[in-house]
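Both complexes shown next keep chain A, but they swap its partner, so chain B is in the first and chain C is in the second.
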Partner chain A sequence: MKQYYDDLFSLCGFEDEEINNERFRIKATLEKLELGPEDMERADSWVRQYHDVSLMGVRKLLGAWLKELIDLVLAKEDGKKIVYYGFPAILGPGLMLSASSDKVFVSAPDMVLDHTMGQIFNKLTPILEAGEANGLPPGHAMCSLWQAKIGGVVKGMIPVPDFALASSYYCDMGSKADDLVTAFYGTPMAYIDGIMDSHWGDFPDFLPERVEYLGGQINQALKKAEDVLGIKIAPDAWEKSQENSKQFRGYLVRLVELMKADPVPLSVVELELLEALSGSSAGRGIREGIKAMEILVKELEERVKAGIGVTEKGAPRVMVRLGHTSDPRVTRLLEDCGLAVPLTFILGSFGGVRVEPKGTYNTPGEIIANYEMTGGYYHGTEAQIQFYEKAAGIMRLDGFVAQYLYNCRPVATISHAQKKYLEEKTGLPVLSLEIDNFDSRTHSADSLRTKVETFAEMLKAKKHK
Partner chain B sequence: MLVAGIDIGAATAKAVILKDSRIIGHAVRPVGYDVKIAANEVSREALQDANLSISMDDLDFIVSTGYARESIGFAQKTATEIICHAKGAHFMIPTTRFIIDMGGQDSKAIEVDSEGNVINFTMNDKCAAGTGRFMEVMAHILQVESMTDMGPIALESNDPCRISSTCTVFAETEVVVLRAEGKERKDLIAGVHKAAASRVFAMASGLKCEPDAVFTGGVAKNTGMKKFLENEFKTEFLVPDEPQIIGALGAALIAQTHAGK
Partner chain C sequence: MKALEKLDSHLQSRLTDLNKLKEKQKIIGYTAGGYFPEELALACNAIPVCFIQAGNNNILRDAGAYVCRWFDPFWRSQIGYLTSGRDPYYNIADLIVVPITDNHVRVFSNTLGYYTPEKESFVFGVPHVKDKLALEYYHKGIIRLRKKLEEFTGSEITDDKLRQSIALCNRERELFRKISLMRKSGSSSISSKDFIKLNHASFLADKEFMIEILEMYMQEAGETAPRTESGTALLFTGSTIARDDYKVMDIIEESGGNIIIEEFAEGIRPYWNSVNTEGSLMKNLAESYFMDRVCAGWFRPGTERLNFLIRLAKDYNTDGLIWYHLMFRESYKVESHFFPDMLKKETGIPMFVLESEYDDMEKGPMRTRIETFLETIKR
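Here is the complex of A and B:
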């Protein structure tokens, strides 16, 4: 018998058979998330308004996120050992744990909640408020990703993890927020220590000592995970873990090629769904994401052939750092103002901007560290500028929107320097835009629109000169 | 050719009527609760000021700007206040290359080219320090009738107090404490101006402040703020006549380019 959630799940790419097979799990998940018939109606209208549901690939992609959500919410009932890691951090160790035992469920729960409770159900705020009431108070410049994680756990929406992989390698607030999980629930943690900064001009070279140190930290974390979870890291875990992620990355490379078209065939709202999935799921989400990408890439090839895009042909092309993880309205605003966004910083890693790994390493930790080092994210400001500069040529950009979160040290600190150097190096305008990419409660929509609209007009005028 | 520009800001509504590139009428009034009523009223007053017995429908083209620009049903086009201030300032002072606009809710720094086009800009984010609202809050606690009236008092001071809080609410507390310590009113008022000017200077630090620099927006009517901005930027700021209507004027100029197309 048809249930109140069928239409929404169908809109999000679930086949009827999948809904029927998973009824018990869907119902249990929705109950835990306090989602009822009214929420489905709101979500239906929200998804139709802000996601490009004319593309089956996008619908399937939303479905992939929902499947990841179901597995996350029910991981304890499924008898899994649960491991959480933070975003943006090092996905590799999580992938290896996941590949070593089917009894382990590995997730970046904050990202999963943002992309489902935010992007689909538009009901993230109560979770953030729960995070604020439990150790991450409002007004303390706390990242709302961590508020989502803590809030989800304390509300009982997502399970308490058995183990947490904490890394301050990119984000130094993440490991502190993970401390709260330990403080509240006694969850054992492994800290992956590292340093993200390098000398100006070093990148794309990097010191082997950095790989060795970070690799050593990852190896220690994996050893601790083995002890806590009672599993053994399989000798072929890295290769096995790469089976899915390599395939997904392969599609992302094809997608970047398609985004070179004018007009761009896909909205940055959907780009964000894709790039985030690649860094947030080690399980069903990524496997379903591969299926979605297969469909999506074909659909986009058709669009490119037919000259169909999400903005007008000749629209100014800008690269953004990151789309909004929980609120598609914010990202959509760029296109509403007439800007085409062919690339994000993370997606750039898959389209010729990333450099090749260097050296040969044998331990799992060093292999992961070496791979991570090839992305500019794990270096200093100058390396990131190199990324943007390279992308400008590859994607024929007219400008950059360098968003920064006031509460994010790595991003906010470099924002203004980045604008100056990028403008000098590329001659392209840069809009330095304060926007919380994880929480839409903290910005003024009107002020944001004024800035983006002015920048868009500026670029249009420059282009038509 | 008869056109209009309507600027519905956070605090005030402004309208300018332009006839063949000449300002023939303008009006300024508080926005109040309903932006649509404010737009209608300010338009009516501007038409009256222009001695025109016609309605807005009779004009050739209308452009709206300001935060409520999308809500003005009788406007044929919208433009951001940043673009409008650039156009308006350039019209009034053709040598304009840099603009500081301090409005009710936000402040902006704008670089413009020789044709009045925006080539770079920055605008405050969350922080209200450096905005008209900040000045109004301070005027209220220092018992000065209006934000504009604080300017001449600030200029009397030789020893401005240091107001270091970057938050309007905390700065208010700081001023209250300094007042209780017996600091002179003129020094407190000067301190408020200095704090606001330094916030604007910090915000604009990534931009090139080249002459001629122009100061627009409602706060530009405050002579003290002009002086404190000049101290921070180490350059002279020109203030056009009626600096508060520069956004509406820019909107009217844009309207003029679209009329008859």
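Here is the complex of A and C:
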């Protein structure tokens, strides 16, 4: 019999059979998340308004997020050993754990909550408030992604993890907030430590000891995970873990090519949905995401052939760091102001401007660390800015909306330097934009509109001169 | 005390003296946190000087041209001083060394590298966990530092010279330790503000002169009658206590608090341990500066430091703990949420959290809150 959630789930790409097969799990998940029939109606119109549901690939992507959400919420009941990792993350260790045992569920739960409770149900605020009331208060530039994670756990919406992998190679906030989880629940954890101690001007070079140290830390974390979770890392875990992500990245590379078209065929809102999925799921979400990508890429090829896009042909093309994880209105603002966004930092690093890894290493940790060092993200600030610079040529950009996340210190380091650097190196205009990428309560679309509109008008005038 | 007067006059002429010394010796400026082994600079006949000035909100405006507001004001102050030249110690340094700890220090190092490339600098990383791998990383970092200093000064760091410098710095640490322990009884003539000022001076003063001053101070303190006013005994801790950031201490003292012991990673020299002078000296430096010292709040987990605070609270028989961290230093903010319960459980004493962005407007509310906290303890 049809239930109150059927229409929404079907809008989000679920087949009827999938809904029927998962009725019990869907219901249990919605109950835990305190979502009732009215929420489904509201979500339905929210999704239709802010996501491009004319594309089946996008609907399936939303469905992939929902499937990841269900598995996350019910992981304890499913008898899984639960591992959480921080975002952004060096994914290798999590993927290897996931590939080593069916009994292990590995996820970035905050990202899953943002993309579902935010992007689909528009009901993230109570979760954020619970995080604020439990150690991460407002007004202190605390990470709102972590507020969602803590909030979700203390509200009992998502389970307490059995083990945590702390991204100590990037973020002080995340590792310390992991300490908070340990203080609350006694959760054991492994800090994967690294130090971004590049001197300005070093990139793409780095000291070999950075790989050795980060790699050694990853190896230690995997060993600890084995002990805590009572599993053995499979000898082929690294290769197995790469299967999904390689496929997914393959589609992202194709997507970069498609996004070179004018007009740009896909909104950055949806781009964000798929980029973030690859960094947030090690399980069903990513597997379903690959299926969604297959459909989406075909749909976009059709659009490109037909000259269909999400902004007008000839619209100024800008690169942004990333789309908003929980509120599509903030991301949509760029296109509402007439800007085309063919590339984000994340898509760029997947699809376009990667530096080749150097050196050969034998342990999984060092192989992962070597790969990540060349990616730039964990190298240092300058490396991150250089990725924007390189993208300018690849995507024929007209400017940059250089966002920085005020409550994410590793990203806030670029607040001023990126504008000066990019203007000097590329000669293109740069709008430096302070955002909260995970919570739109203080940095809403409306609060950003004036700046983005003015910048967009300036770019349009420049382009049509 | 005479020692303090003598120290004051040394500091007043220190910049002029350094300008003269600069003709023959290199001045190595380094950032706060306690991870730069001064011994290495001394062993190549250079003069180490730590950038420890902050506490004035105006300098944050200068920093605002280089970085957003959401970083710790101490490190934004350093950016302000570096770029504006308003702290003469930045102007006088020939080389700036930055041991990179957390992202607040990293943003300073970025500014140094990007905006002031004309200033020669050297960075090395300090891991955030304590284990064998981390010790090895730090060890490699200070080996690179040693090489850099040798090249920069043109002076080889021999084992003999390094051993002598370690002995000198050990003496300084030992004196700080002894002075600190004199306060354990709760009735000494040493005020926390004097102790902190001595620390700050030690970051700038000539090393041998500083040791003389500490010896003199210790003797004078032993001969001086304990301070008569006995306020509520407090442990004072936090992220950073900068030179000229004395307003909180003043308010505490004026409100009837008596700081008996303090713990700050930035602003107080790690003085509880000495460096071994036998065997591999570089390894000993790494052991002491990285492993043996109590970790800063941005270490994960921070349990070692929190346990150390509990021990200090018990050993120094304090009635309360004042936790003073700077705005946006998230590691301390998060710990300040769960530590009060730990502290209460282990010692029975309450903890009170203060935050600052070096704004004068903070004074009034701070005073009211401190007074209320002290009143609560008395009851």
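In the analysis below, the second predicted complex is superposed on the first by the 460 of 465 C-alpha atoms of A that agree within 3 Å, B and C clash if a C-alpha of one lies under 4 Å from a C-alpha of the other, contacts with A are read in each partner's own complex, and residues count from 1 in each chain.
Convention: a contact is a pair of C-beta atoms (placed from the backbone, for glycine too) under 8 Å apart; a residue touches a chain by one contact, two chains touch by 3 or more.
Since the model is a prediction, treat every value here as computed from it, not as a measurement.
In the superposition on chain A, A:W200 contacts chain C only, with no contact to chain B.
In the overlay built on the shared chain, the residue A:E434 is in contact with chain B and with chain C.
In the superposed model, A:E209 makes contact with chain C only, not with chain B. Counting the residues of chain A that each partner touches, chain B and chain C differ, and the larger count belongs to C. Of the two partner chains placed by superposition, only chain B is touched by A:M458; chain C is not. Within the superposed three-chain model, A:T450 lies in touch with chain B and out of touch with chain C [touch as defined at top].
Look at A:H416: by the touch rule set out above, it reaches both chain B and chain C.
By the document's definition of touching, neither partner reaches A:T325: not chain B, not chain C. When the two complexes are overlaid on their common chain A, residue A:T344 makes contact with neither chain B nor chain C.
After overlaying the two complexes on the shared chain, residue contacts for A:Y406 are found with chain B and with chain C alike. Once the two complexes are overlaid on chain A, the chain A residues touched by chain B in the first and by chain C in the second are 406, 416, 434.
Across the interface of their complex, chain C is touched by residues 134-136, 140-143, 166, 168, 171-173, 175-180, 182-184, 191, 193, 195-201, 209, 213, 216-217, 220, 380-382, 404, 406-407, 409-410, 412-413, 415-417, 421, 434 of chain A. Residues 406, 416, 419-420, 429, 432, 434, 442-443, 446-447, 450-451, 453-454, 457-458, 461 of chain A are the ones that touch chain B when the two sit in their complex.
Residues of chain B that touch chain A in their complex: 67, 79-83, 106, 117-123, 125-126, 205-206.
The part of chain C that touches chain A in the complex is made up of residues 65-68, 70-71, 100, 102-104, 106-107, 109-115, 117, 121-129, 131, 133-134, 136-137, 140-141, 298, 300-302, 327-328, 330-331, 333-335, 337-338, 342.
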